[in-house]
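As written, the chains take the letters A, B, C and D, and residue 1 is the first residue of each chain.
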Amino acid sequence: MDASLLLELAVNGAFIGMMYALVSAGIVLIYKTSGIANLAQGALAMTGAYMAWIGGTLIGLPIWVAAPLAAAVMFGIGALIERFAMRRMIGQPLIMAIMLTMGMEIMLRGLMPGILGASVKKIDIGIPNAPIILGDILINRTLLIGGLISFAMIVASILFFNSRLGVVMRAVSDDQTASWSVGIRVERAIAIAWGLSAVMATTAGVLWGATQGIDWSLSLLLIKALAIAILGGLDSIPGVLIAGIIVGLVESLATGIIDPIIGGGSRDLVASAIILITLLIRPHGLLGREHIERV
Amino acid sequence: MFYRRAGIRHTSYRSERRLWRLPFDRGLVVAVLIVLLILPLVVDRLYLVGYLLPWVIWSTAALGLNFLMGGAGQVHLGYGAIIAIGAYASAHAARFGVPFEIAMVAGGLASAVVGSAFGATALRVKGLYLAMATLAMQSIVDFVIIHVPAISGGGQATLRVPPARFLGIDLTEDVRSYYFVLLVGIVVTLFVLNVGRSSFGRALAAVREKDYAAAVIGVDSFRFKLLAFWVSSFIGGIVGALLAFCYYRAISPDQFHLDLSIQLVAMVIVGGLGSILGSFFGAALILFAPILLNQAVGALAVSSGLGISADLRAHLPLLLYGAMIMGFLLIEPLGLAKIYDNIRNYLLVWPFRHAPR
Amino acid sequence: MSLLTLNNIEVVYDSVFLAVKGISIEVPEGGLVALLGANGAGKSSVLKAISGLLRSERGAVSRGQATFRHENLLALDPPERVRRGLVHVLEGRRVFEHLSPAENLLAATTMHRDRTRVTRRLDEMLTLFPRLAERANAKAGYLSGGEQQMLAIARALMTEPKLILLDEPSLGLAPFLVDEIFDVIRRINAEQGVAVLLVEQNAVAALDLVQSAYLIEQGRVVMSGSAEALRANPDIQEAYLAGHNQVDYHAVKHYRRRKRWLA
Amino acid sequence: MKRRTFLTAAGAAFVGLQIPIRNALADDKVIRFAMPQDFTRVYTFVTVEYSQGQRDYISLVNAKGGINGYQIVADISDHGNDLPRALEAYERAKAQGAILVDPLSTPVARALVQRAAADKINLITAYSGRSDAADGETFPYVFPLSPNYWTQAGLLIDYFRQQDGDLKGKKICFVHIDTPFGKEPIPILEALAAKQGFSLQTFPYTPPGNDQSAIWPQVRRAKPDWVVFWGAAVGQTVALTEAIRNGIPMNRVASSVWLSESDMDVVGRAQATGVLKVEPCASGQSPKIIQDIIKTVIEPAKGAGDRAKVGTAYYNYGVMMAALMIEGVRKAFEKAPNGPISGDWLNAGLNAISNFDAEGLIPPTTVTNTDHQGGGQCRIARWDGSKFVPATDWFSANQDVVWGEIKKSSAEYKASGK
């Protein structure tokens, strides 16, 4: 096995892991405030990418205007989702609220391609395809930039949770009824979480959309993102970053090392094995907080 | 009104312990059964093969999953894989020459064994983490089926299922396979109904509510969780055999993907967690809503003469389907069965507005 | 002058089950009032109706009026009620388990814009509850039951309330801790002029603490009056203050029957 | 139990649905095709354009008075690649008297093979379904009517041989989605590698293929002479993008029929210049049949969809398939002018298609009782930055190897069902 190939795979894998982690961070954001695993996160990424496409291609704005604009619109959409759907689920069994997000995922998957057309859309974010070559190693420029943007956004959200508003959001995630009882506007906190999460989804959607084109399949990002979120510990944003990099690295290396041996795409298999083993050793993910059990 | 009872009053333990305590409910069960028995003889084959047969099979699967999710509180995102194991095990057994009756049970056992291994993780992992662990297992099972040609059936990855005979009755004909599926469905329903009244069912309920507390009062929560996985996976395996022999008749890996697992979880949750009736409602909604919405939108697009684009025409049913799931959950977050229950409760005390608590 | 008035409040769960059947209660400014009653009598439902927390349990106020300082309470959402000066300490403490005690207190200050006031209030609480100051950086979930109860009360006080609703503060606590908690309640009431509406099953302790009380059975007020009057009532003595006198089971049975009839 | 509400709803639905079926059967002078296809899931990348082409061609035929005075009715519906839905659609089509079903989905086609044979309904499995269905003896009611994946792989290898003169000692990399569909061409490629002396390296990527960043560096380092990438939808655009990023020369990269103009848009029209694909029919608006459609159907605004899509690769695939189906109807009328119109009747017609080229849109196609593939002719086309330009004429190659595989696989199928 060629060492420089492994290094190349490792570097690109780490960056792609960060891009996955950005989708996961949106899931964690909502989980941390409302205890709900948002199954519509992939669909939000898809919707955000479509929004950026509307701005960039339909209206003709430059991408650096269209993408932030799409993020702003998506913040509003996130807040509206809280207002008209999630708010009514407060105090209801969590699994039902999670199911609701799944209904939303199906709905968004029908809405955007239905209105804008199902064929793949192109979004150009102006990153040239020409790679950066360091000696024998090729670094994918899109992954590099995408990974760095993701990293920056994840760090920003870590800082956010240590602010005063962040403390309130964490309180809401612990006990919504108790939060209400001491005057916290639970709905507003959750709406902010949804809005921010939609912004992260939009960023992720645009980054991924630039590589694979925009169509419904962007919503499939959910599965991997959920896996990373759970591996990191559903309520830890640093955990997500670490888990994202681990999954990205391992998948990338597995493709290089194990695939030729077993003659099949071992990526998902290895990722699944890591998740299983981690959960058996650490049932709350890498950095997830432990459930405090009192009878 | 229909029930002619304001509240439920019992005069003996025997009457209180009955499965259906009100004469009206008993009448309804019998009526539904009679309808289900007569229907295949009077309706077009389309309704038999397109609706009745899959509905009974999926309801049975939802019952099996609901037993685990609603009964023991263990989220399972890999039930599709469990069904796949049952389907493949029974199909291979039958191809090997094993009679169908035994092949079906073998399918159930194979699923139960692997499913309990899935369940062993439940010793440590809970809630969404467990969901993820089962999801990981789903992808491992998928991978194995696709990559071992001996299982998936060669290069085309399609396995033909030999014709099945159950106790001498040929099951390749649709009406007969429907009756057979219905029989299995009824057996599973009665089983799940009765477990709720047994000590096993009560132990499961304790584990579901708080496994930690259950352990404190002497319920071996690990053992019962594992048992719940075993039973539920066994049902899943049987359903796999039914799917293979009575419905699909040729199986390929993509029939048992994650999509199926998610569909089943949706059936259980939208129907009502832990509700037997809900499993039937949920299966009906998740299976038929897309079909019926498609036909409705299609008919509407034609009759209105509006030139809606092909894309919108195709995606509108999907949109409405998602909206419908959301709508039902927003109206009644505890699922379809709870909506029924609310109506029933209302009628129980009618003409009074509220029942005393 | 009354701070809080409930008039004929009715609470329904699941749109079907009637839990509270027309209750009228008054809490005077700076008063100390108790709601007594057995398990499932509807005491907690009354408190949740006042603080607006019924919705999260699929309940709703279906009839009646509630006014707090001459304002219709039922039109306000829970955080708005807290901003009017009404705070609810929930049954079972319900602290934010994964936050430290200090963060718990900080989380309850969303209504205060003035940061210096928040810090001052925080210091006051830590002096009022020195045990919390000792464990300011532990996770609240790992505090003992008594410490958690104190944290819950301190957290409620951070909102600077006029009326504090306390739901079973003595639940599951050792007797000496119960005394300590009740002492704190007395001090809050006396020193800060905060009115208290206390729900208790521990009638002995409660009647020693409060000025007046309501006895609730099956969702109705079956008796009310000053603490002395209730303490003197023979039915109360039999049913709730048992241990003080000889228990006459025939009488208890008789009382139960009468109670049913009342309901 | 408590199923009253459900029963009322089911009863209403039942009554509501029963009526249209009976009405439909009463119509005469109508030939029914059913096109339950996947508009919302895995096959979205192709279905809209494919279906648009099919419908526009059928409109063209109907506008010209139909066939023998019969109008063709195509029932379009969405099965979402979900089997219970597809089976329902199939049963509905059967109840309504459809004599042909085109599901355009591999899993659905596979599940329908046995039912179609039992019900004598012609199952069209163009670019999907079982490759061994080309064997008309084993699968009398299944019609791929198009070069299957084995043929496509064989054609590509033959094109490489034509370019390089000889493949001995060359290296070919095969990058494919890790599903049965993606793995399908491997036996053919291996057989040809042994025969022609090139070395073959395969690289599976996990579905859906949105992340192939770990695959292509390996391909680059293998320094292949030719690269074949095999997937669909997202997997195709990502593969091509990664190939560009890894600096693999575009004129040495080729794929199956699943490459379209919109894929090129996503990758970047200019950057993808040179990439090769297998072309089963002419693309663009120039073929006469497409011109007829534009004149008779599109211009009077009776088109089935977006005008801009007319003449795209997938649109023309749809036209191609509709043309073949209708040629089958025409032949059926030649053989039995008075019907009765049934699956059997159409089957005879489809099997009698001979040397049909749809006025230059498709290679001359002959379907026989034994060959349901239609001869296996295609051409290789090259993307020139704005459109696909044919690089070869219609040709067929390596059919001996392909048919060896077809016979082997269909024999397996025969043996498995007692």
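Everything below uses one rule, namely that contacts are C-beta pairs under 8 Å (C-beta built on N, C-alpha and C of every residue); 3 or more make two chains touch, one makes a residue touch a chain.
Predicted model, so just to flag it, every value in this text is computed and none were measured.
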item: Minimum number of chain-to-chain touching steps separating chain C from chain D; value: 2
item: Centroid-based (C-alpha) most distant chain relative to chain D; value: C
item: Distance between chain centroids, defined by C-alpha means - chain A, chain B (Å); value: 31
item: Between chain C and chain A, distance of the C-alpha-averaged centres to the nearest whole Å; value: 43
item: Centroid distance [mean C-alpha coordinates] between chain D and chain B, Å; value: 35
item: Contacts with 2+ other chains: residues of chain D; value: 39-40, 47-48, 178, 306
item: Shared-contact residues (touching 2 or more other chains) in chain B; value: 146, 309, 311, 314-315, 317-318
item: Chains grouped in pairs wherever the two touch, ordered by label; value: A-B, A-C, A-D, B-C, B-D
item: Chain B partner contacts - residues on chain C that touch it in the complex; value: 12-19, 40, 219
item: Chain A - residues contacting chain B, complex; value: 37, 85, 88-89, 92-93, 95-97, 99-100, 102-111, 113-118, 223, 226-227, 230-231, 234, 262-264, 268-269, 271-273, 275-276, 279-280, 283-285, 291, 293, 295
item: For the chain B and chain C complex, residues of the former touching the latter; value: 342, 345-346, 349, 354-357
item: Footprint of chain D on chain A - complex, ascending; value: 2, 5, 8-9, 12-13, 16, 109-110, 113, 117-122, 124, 129-131, 138, 140-143, 208, 211-213, 215-217, 220-221, 251-253, 255-256, 259, 263-265, 267-268
item: In the complex with chain D, residue positions of chain B that touch it; value: 20, 25, 28-29, 32, 35, 43-47, 49-51, 54, 58, 95, 146, 152-160, 162-163, 247-250, 252-255, 259, 276-277, 280-281, 284, 287-288, 290-292, 294-295, 298-299, 309-311, 314-315, 317-318, 340-341, 343-344
